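Scrolling down, you'll hit the structures one after another.
Common to both upcoming complexes is subunit A, partnered first by subunit B, then by subunit C.
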Partner chain A sequence: MSRPGFVLEVDDRTPPLLVHEGLGFRMEDFLLGTRVVYPPEPIGGVPDVEGAIREALLHPVECEPLPELLKAGMRLTIAFDDVSLTLPTMRAPDIRQRIIEQVLTMAADAGVDDVALISANAFHRRLTPKELEHIVGERVFRSFYGQGLLTNHDAEDHDNLTFLGKTEKDEHVVTNKRAAESDLLVYVNVTLVSMEGGHKSVGVGLSSYRSLRHHHNNETMVNSRSFMDHKNSELHASAWRMGRLIGEHVKVFQIETSVDNNVFPKPYNFLMKREWEWSIRDQASMLGVRRGLAVAPQRMRHKIFHDLRAPYGMTGINAGAVEPVHELTIAKVHEQQLVEVQGQTDVLVLGVPYLGPYNVNSSMNPVLATCMGLGYYFNSYRGQPVVRRGGAVILYHPLDEGFNQLHHPSYVDFYEEVLAESTDPAVVGQKYEAQFAEDPWYIHLYRTSHAYHGVHPFYMWYWAAHAMDHVDDVIWVGGNRRAAARMGFRSASTLLDALEMASDTVGPSPSITYLHNPPHLIADVR
Partner chain B sequence: MAGRSVVRGGVDDVRQAARGFRWGRRSQVPRSAEEWVPEARSTVFRSDWARRRPAIVAREVVQKAGLEPVFRSQVRTTVRGLDVLDGLTGPVIFAANHASHLDTPLVLLSLPDEWRRRTAVAAAADYFFDTWWRAVGSSVLFNTFPIDRRGGTMSATPGEVLDDGWSLLIFPEGTRSQDGWMGTFRMGAAMLAHAHDVPVVPVAHRGTFAAMPRGRNWPAPGRRRLTIRFGQPLRPGPGESVRDFAARVKAAIAALLDEDGTTWWEARRRLASSTTRDPGGPDVAPWRRLWEQTAPIDDGGPDRVRAWRRSHD
Partner chain C sequence: MLALEMYRSLPRTVAGKALGGRLPMVGAMATPLRLVTIEPPRVERPGWARLRTRLSGICGSDLGAVSGRTSLYFSAVVSFPFVPGHEVVADLMDDCEDLPKGTRVVLDPVLSCAPRGLEPCEECASGHPNRCTRITVGNLAPGLQTGFCTTTGGGWSQQLSAHRSQLHVVPDGYSDEQAVLIEPTACAVHSALRADIAPNARVLVSGAGSVGLLTTLALRELTPAGEIIVVAKHGHQRELAVKLGATEVVTPTEVLRRVRRLSGAFQLEPDYSRGYLLGGVDVAFDAVGNRASLETALHATRAGGRVVLSGMPASADLSAAWFRELEIVGTYASSPTEPGGRGAFGLATELVAHDAVAQLAKSVAPYPLHRWREAVDHAQSAGRLGTVKVAFDPRKRG
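And then the complex of A and B:
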């Protein structure tokens, strides 16, 4: 029986608490009275995953069973979430593999010949063959990749994009041509956080800049309260309008899954235990890992963390019509991640870990660290932000990983040139976004190499726009001073120093709340 | 330089962990997390090996060469009433009030050697038998055996130990007192006496709370005085229920506590008139209850007349 999440109040009995900071972690002695929000324990996966998948495909929500939709001579496209999910990468076999195998088995039984699989990576980097194989499994990879039927979506291949029309808010809807011209589009999703899934799957994953610019911008993100709550998110409202329009042109059979909080395998599972329940072995592991990381070169630390494979359990699977399916999925995600928090705080403390959606097998550069902290973690709320308007956010990350030239070439220019001029998301968007979006070199790298699209760093900056608009002070504990300053933030050596620095904003005795994640949590702030 | 900072970082980590995780002491749960503490594991380590010859020999060495010298270097004891054991041959149940981890060594080291060697101590399974090293340590040192404080399946074990001819030391309160005063009695000791037809020897002691209350893992400095007093063995009367017998045991311990603070005669008279002082303490402010329990014990001195003389230090 898993225990729900709860809010700890630090007292004299509280041991030092674990805080992630990039390729490492520290044990922090929080001030007495600090609130610490702990995520619920893993609720456990369904015992018979194959059976649950079969059940979902045969008894979908507000839709015909999948076998009834599969006919000989039809055109079937299977799109799936890319390598940005799950985090960390799921231990093989990936859920998507197990689902796609069952879908293909049914398709084969129905005599469907024309099948293509597309990784819905939008402006994310193209997945390597190895990454594709990890997601779809060896059998599917061998059957389709060599024939060019297992591909990455190319948002700059205009010959293979289809303009479907405009929404009632004049938003252009463009999607993958193969998907648009299919008799059936099956989308296989993993909803790791409540931002994912729903109409965002097809509407964003298979689109292009012409569509993305309508919701991936500063104004939309500032008005998404939060983008983890799709019913109060401008981003999702736009994606929903687009998704409904797509649904008028192509039949979408949405398959959504949710996973539990089991993110760290042994012997690193102490990272997700409550510290006062650490056994001697957990404490020894903590000391050993910390010492090991202290002496290991950066490359090795990177390998240690990025080689972790999460033993996730699949908590639920639903298939059928997009919207009712998504409601069921979100309910399951909330069951795993929602924690009730009473009232806002003056200072929000966040530990930014080694991994985010955009640095899988890559580096967490300062822009991505900001996106992770001020974007994903700050927005992990329902109701109202955990920190009050005008408060302060203290983040932990060394901001020292540098930029991966293969994956993030435009980030370097964004950091060195754009942020040097302005850190205001609205200003940088207005002045520079189009230039980066249309830069032929970035487009070339995106299409032929493994680079994120040229405009992607702007999106990361917009992801943090709501937080930047909401709080008055952002301080990085242990962060590289130059990097923090470049992004318009400050850096401190210790938590006490950071609080001292923040006292100008929040006073000398602020209320402090620390979100103890990962595993992921959503603060339901009352 | 880098090597030195790594070493220094390691030392700092160990220091922080030792302090924060209370190495050498029992870990604590933050108050706001107590609601979410998982139920104790049902896995309990066996202890029957602790009553076999090799363990008995090892215990004798550990108790006489280690425990007793250390114990006596930290506290002074006054033991009275041991003559009650003179007429007894078989196993008995020693039922004592419980205020400190000092209680067990105090009772055991106060007993004559032949009784001490044949006495096993009932210890909470969820506290002393939750890890192998704690189970081994407490079994070797004190001859403990596990009892389930929640009344689970292990309650059968004390009977087996009794049947094997071992006397038992049981603290009927089930847990250490929060403020030194006696708490509610559970009926385990009375039930065992009833079921196995063995006498209960009431034992009352004072001073252990002041010397080493909850939260301390070593006696307070100053060699504080502890007193312990053994009472007349009690047997369940014909037709007497377990509940009534348990109440009688509690009353006997209360009378012994009263006697320890005053005289045998005064205590007897109060017992006869049912005016023995409530061992649960007065209904006053918490600080006053603690204040009284932490006051130094007046051990009488050589000129004080005692109604019951037999004693040894």
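And then the complex of A and C:
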């Protein structure tokens, strides 16, 4: 029986608490009275995954069973979430593989020959063959990849994009031509956090800049309270309008899954346990890992962490019409991640781990670290932000991993050139976004190499826009001073130093709340 | 009189070349330069006068000669021993045609047909004495400029000689430090105008020493250039570059990336070699004169563009010039008939009144002659030490 998340108040018996900071972690002594929000323990996956998948496909929500939708001679497209999910990468077999295999089996039984699989990566980097194989499995990969039927979506391949029309808010809706011209579009999703899934799957994953610019911008993100709560998110409202319009053109059979909080395999599972409950073995593991990381060169630490494969359990699967399916998915995600928190805090403390959606098999550069901390973690709330308006956020990350030239070439220019001029998301967006979005070199690298699209760093910066608008101070503990300053933040050596620095903003005795993640949690702030 | 003299010394030239400016003081000691007491130079011919040096700058070409980096190509157009110093502000010690004794002047150092007492050669007759073909003959010893000729002396001494055709009066109100920048500014004017910049052309200036900064000013003030991207290593250079008209200032490590982004070019990374762009700026200036800077200019210029050699050039990989069909434009000294008809010195004299040049002039570091080793060391590391121009002030005692 898993235990729900809870809020601990640090007292004199509380041991040092684990805080993630990039390719490592530290044991931090929090001040007395600090609130520590722990995520619920893993609620456990369904025991019979194959059976649950079959059940979902045969008894979908507000939709005909999948076999009834499959007809000989039809054109079927299966799109799936890309490598940005799950985090860490799921231990094989990936849920998407299991689902796709069953969908293909049903398609084969129905005599469907025209089948294509598309990674819905939007402006994310193209997946490598190995990454595609990990998601869809060896058999599917072998059958489709060589024939060119397993591909990455190319948001700059204008010959293979279709303009479907405009929403009632005048938003252009562009989607993958193959998907739009299919008789049935099956979307295979993994909802790791509540931002994902729903109409965002097809509406964003298979779109182009012409569509993305309507909701991936500063104004939308500032007005999304938060983007982890799709009913109060401008981002999602726009994606929903687009998704409904897409639904008028192509039948979408949405398959959504949710996973539990079982993110770290042994012997790293102490990372998701409550510190005072660590067994002798957990403590030994912690000490061993900590010592090992302290002496390991950065490249080895990178490998240690990025080779981790999460033993996720699938907590739920629902298929059918997009919107009712998504409501069921979100309920399951909330069951796993929601923690009730009473009232806001003056200072929010966050540990930024080694991994985010955009540095899988890559490096967490300062812009991505900001996106992870001030974007994903800050926005992991329902109701109101954990920190009060005008408060301070203290983040832990060394900001020292540099930039991956293969994956993030435009990030370097964004960091060196754009942030040197202004860190205001609105200002940089207005002046530079179009330049980066239309830069032929970035487009070339996105299409032919494994680079994120040129405009992607702007989106990461917008992701943090709500936080930057909401708080008055952002301080990185252990962060590279130059990197922090470049981004308009400050850095401190220790938590106490950071609190001292923040005292100008929040006073000498602020209330402090530490969100103890990962695993992921959503603070339901009352 | 006291003077610094360059003399022939193979061991010192080789040692200087080996050490370059890398070892403070030691590098300066291993140069064929010495402080001597010599007879003041005097040219007893019409139009010549004696000058008493007020300030004389140390230029990149001087440092090249001192450290043995200058190409042996130039060995045929100098005469040893000579007193260096061609950036000179001085007082006339004699009446000189229309200029009375005591007039403060700066020097156009080129020793063309007129100073040599020759009938104008084709280049001099066409108004380009900087291209004179008679710089080794006539009444003077060989020498491309004052400061490389044994007959005339140079500015790194208490006294030198100059011909009326070389003299330009310094307006009242100009400090000596401003005045000493007129000659390098005239060279920058010449470079900028030689580049034949098209309206709104995108220009790269590789280097932000005095040549690069003054070229930036000349480009902004005298040409219709659009974006001017300046490559600067040091903080004060960045600040000055912006004040002088740069639209972007980048470091040497980010220049290709930045030009690529600004111009929408593609960047290639060849094996074991410097990256280059397909596309890039319309015109690039090498204002340093070393291999890295010249290759930066070559590699950042679009096909069919122009690369201007403002600094005395070093050897470099010219593949881009061939492959991208680049125009290589040499610019040497200055001309009395620049495009537009005006002389470079006249234009330069106006430009040094610019506020940013006045600020730059305040940072000129003057040294007495006997502290020449420190001065040369300082000049070798001028950028790092926050200086744009180091000069000798032979009037100073300590």
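We take it that the second predicted complex is superposed on the first by the 526 of 526 C-alpha atoms of A that agree within 3 Å, B and C clash if a C-alpha of one lies under 4 Å from a C-alpha of the other, contacts with A are read in each partner's own complex, and residues count from 1 in each chain.
Just so we're on the same page, a contact is a pair of C-beta atoms (placed from the backbone, for glycine too) under 8 Å apart; a residue touches a chain by one contact, two chains touch by 3 or more.
Note that the coordinates shown come from a computational prediction; the quantities given were computed from them, not determined experimentally.
Engineer: Subunit A superposed: clash or fit between subunit B and subunit C?
Structural biologist: Superposition result for subunit B and subunit C: fit.
Engineer: For the superposed three-chain arrangement, provide the angle subunit B-subunit A-subunit C between C-alpha centres, rounded in steps of 10 degrees.
Structural biologist: 120
Engineer: Quick check on the superposed pair: does A:Gly146 touch subunit B, subunit C, both, or neither? Answer first, second, both or neither.
Structural biologist: In the superposition, A:Gly146 touches no partner, neither subunit B nor subunit C.
Engineer: Please indicate which partner A:Gly111 is in contact with in the superposed arrangement: first for subunit B, second for subunit C, both, or neither.
Structural biologist: It touches nothing on subunit B or subunit C.
Engineer: Going by the contact rule set out at the top, does A:Trp276 touch subunit B (first), subunit C (second), both, or neither?
Structural biologist: first
Engineer: Thinking of the overlay built on chain A, is A:Pro129 touched by subunit B (first), by subunit C (second), by both, or by neither?
Structural biologist: neither
Engineer: Classify the contacts of A:Pro267 with the two partner chains as first (subunit B alone), second (subunit C alone), both, or neither.
Structural biologist: In the superposition, A:Pro267 touches no partner, neither subunit B nor subunit C.
Engineer: Given the touch rule stated above, what does A:Arg290 touch, subunit B (first), subunit C (second), both, or neither?
Structural biologist: A:Arg290: touches subunit B, not subunit C.
Engineer: A:Gly33 in the overlay: touching subunit B, subunit C, both, or neither? Say first, second, both or neither.
Structural biologist: In the superposition, A:Gly33 touches no partner, neither subunit B nor subunit C.
Engineer: Touch check for A:Gly390: first (subunit B), second (subunit C), both, or neither?
Structural biologist: In the superposition, A:Gly390 touches no partner, neither subunit B nor subunit C.
Engineer: Residues of subunit A touched by subunit B versus by subunit C: which partner has the larger set?
Structural biologist: Greater contact footprint in residues on subunit A: B.
Engineer: Report, in whole Å, the shortest distance between any C-alpha atom of subunit B and any C-alpha atom of subunit C after the two complexes are superposed.
Structural biologist: Between subunit B and subunit C, the shortest C-alpha distance works out to 29 Å.
Engineer: Return the residues of subunit A at which the contacts from subunit B and from subunit C coincide.
Structural biologist: none
Engineer: Hey, which residues of subunit B end up touching subunit A in the complex?
Structural biologist: 6, 9-10, 13-14, 16-17, 20-22, 27-33, 35-36, 38
Engineer: Show me the residue ranges of subunit A that touch subunit C in the complex, using the header's touch definition.
Structural biologist: Within the complex, subunit A contacts subunit C at residues 412-413, 416-417, 435, 439-441, 444.
Engineer: Can you name the residues of subunit A that touch subunit B in the complex?
Structural biologist: Spelled out, the residues of subunit A in touch with subunit B are 3-4, 6-11, 13-16, 27, 29, 274, 276-278, 283, 286-287, 290-291, 294-295.
Engineer: Over in the complex, which subunit C residues touch subunit A? Could you list them?
Structural biologist: Interface residues on the subunit C side: 254, 257-258, 260-261, 264-267.
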